[in-house]
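Notes follow once the structure below has been shown.
Here the chain labels run A, B and C in written order, and each chain numbers its own residues starting at 1.
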């Protein structure tokens, strides 16, 4: 192991650049995932005929496939049928597809957890179904969902490392580039330990935030 | 309750805008199409229209294409050849753009238009000719064996069914070793760096691929050397998407110019130190 | 539309990958169940230092990507003189990672067993370990089965990561087939079907168990 050779300013800067890409891709993906998941979650909760069933099947399929396969497929297989994205777009799309399927279940169960009595109360006080959903169910469900959404973001940060298979210049990729230098085998352990710590610090902080929010909402 | 709802919403909104701003300034505008799937138009025309040419190159192959973490640039023989081609076609070496490929991803990336041409230690084979069009040979390599100094393996004849041979996924060397030494156990790795690490870790007895790459490894760690005669011809070619004859011609012209001017020999001597 | 000759021509490779995916997932499930249970017991044992070890382990490994554990074992450990092949490194990485999640599930299961029972067992003369072994764990297991099923699904999906360290599982075989046939789309659609053959029934099973458990409570 060669810590001084591994942790040169150039290498550290290169790793930070990679981490920034990881954070960016994960952040964009969580925003889109949340929006899409909310739509899917509401449609399935409201049991809108046909659409709810189709989405149910899709969610079930995606949840049961490896993310690595989805990333690789989006970037390398879809172009065979004429659909083409850049590396960063492929990563964002693949992560969004996968995470929104996961998140839609969180949102659906958040909605289901709101007591039926409240809905009936809302309806009987003259609100329409949509109004009840918007003013009574959603705000409460949303508050309950914040902690699981933060957890999902932690998963996303970890999962972004899989985009290494399509050469997205994120943290794992940049770590490998450093290790591939001539004589880089002496850097492998120090670099991997540092990279693990980088993920840990950010994710652990997020998980503490999630726990705080959980305590507040219950 | 109403206040809290508002607060949560505003926190979420703030987070979203922060993220968008972060990405808006950080996100490098991703490439326009590299074309060459638009009907009837040769990739050469697209390259000229975009005023840039995108090459798929290795990022982990010492001497041919290796990414330098200090600069973020990829350096090597393949890179310099590609720059010369850009200079010949577009008049400026800096109009060459590089994208990282592996043996596994280079053909899909060419087919899906991520790159205009592959300059990535790629051997011309009949099988590959069905998928892509090749330029003239730009580097003559051959398959050899890399072993730890003092190994009992001196040539391909010393490979027995107990020998574990390390190779790289999707490369011709994998197929060749299965033909020339069918009794050997072949272990396939993602890339050359991993393969060499595996050899150093004792996961196999010998690593086989093109001698050019093996010399790069021996150059890196003097405990290893290249043994045996070349048991295959591995002529490297530059691959472009099928049907782009004009682009192939332009690349061939660039190669001839390079060889005539002596620039090719300069690049060769700079990178390839065959003993 | 789908070219099934890809499947028939490469049947042996797909089956080989299927077997390896199942094998590594099963080994990792057993390993991480045992190790995860140990960690859970550590976390609730009445000994502070054990609590800390358990907590640090779980928090650390839950918050880093599986890929980095796999790379470290596979590419990093050899530089320390510890050699593991892709399958071994990958399976151990899966165990290290999944144990952290399973220990949380087991811990929740243990905590759900009523405190009164533990106290009763202790006061009837059983040691702490005996109480765990004969009273608490057997009851906790029932509650833990559905989350274990979910972790098994995750293991099957996560084992695809082993393809980057040459472990010979489904995704790795697909990479090889794709490199030889120059076909991407069909090769990976077929490999997706292989994954679904394992994960979909499991997912239905877990759903069923969860519903039954919810009813019985």
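What we mean here is this: contacts are C-beta pairs under 8 Å (C-beta built on N, C-alpha and C of every residue); 3 or more make two chains touch, one makes a residue touch a chain.
A quick note: this is a predicted structure, and the numbers were derived from the prediction, not measured.
Q: Leaving chain C out, what are the touching components among the remaining chains?
A: one piece
Q: Let me spell it out: compute each chain's centre from its C-alpha atoms, then which one is farthest from chain B's centre?
A: If we average the C-alpha coordinates per chain, C ends up farthest from chain B.
Q: Most central chain by CA mean?
A: The most central chain here turns out to be A.
Q: Quick check: more C-beta contact pairs at A-B or at A-C?
A: Ranking A-B and A-C by C-beta contacts puts A-C first.
Q: Find the geometric centre of each of chain B and chain C from their Cα atoms only, then give the gap between the two centres in Å, rounded to an integer.
A: Roughly 35 Å, centre to centre.
Q: Once you find the CA centre of chain A and the CA centre of chain B, what distance in Å lies between them?
A: Chain centroid spacing, chain A to chain B, equals 31 Å.
Q: Just curious, how far off is chain C from chain A if you go by their C-alpha centres, in Å?
A: 20
Q: Residue numbers in chain B touching 2 or more other chains?
A: Residue numbers touching two or more other chains: 108, 197, 200.
Q: Two or more other chains touching the same residue: where does that happen in chain C?
A: 75, 79, 164, 184
Q: By residue number and range, which residues of chain A touch two or more other chains?
A: Expected reply: 76, 80, 176, 179, 185, 188.
Q: Touching chain B in the complex: which residues of chain C?
A: Against chain B, the touching part of chain C is residues 75, 78-79, 83, 85, 164-166, 175-176, 178-179, 182, 184.
Q: Looking at the complex, which residues from chain B come into contact with chain A?
A: Checking each residue of chain B against chain A gives 4-5, 8, 16, 19-20, 22-23, 26-27, 30-31, 33, 59-60, 62, 66-70, 72, 99-102, 105, 108-109, 111-114, 191, 193, 197, 200, 219-221.
Q: Per the contact definition, I'd like the list of chain B residues that touch chain C in the complex.
A: By the definition above, chain B touches chain C via 103-104, 107-108, 131, 169-170, 187-190, 194, 197-198, 200-203.
Q: In the complex of these two chains, what residues of chain A are touching chain C?
A: Residues 1, 60-61, 63-69, 72-73, 76-78, 80-81, 154, 158-159, 161-162, 164-165, 172, 175-176, 179, 185-186, 188-189, 192-193, 195-196, 199-200, 203-204, 207 of chain A touch chain C in their complex.
Q: Which of the residues in chain C come into contact with chain A in the complex?
A: These residues of chain C touch chain A: 59-60, 62-69, 71-72, 75-76, 79-80, 153, 156-161, 163-164, 171, 183-185, 188-189, 191-192, 195-196, 199-200, 203.
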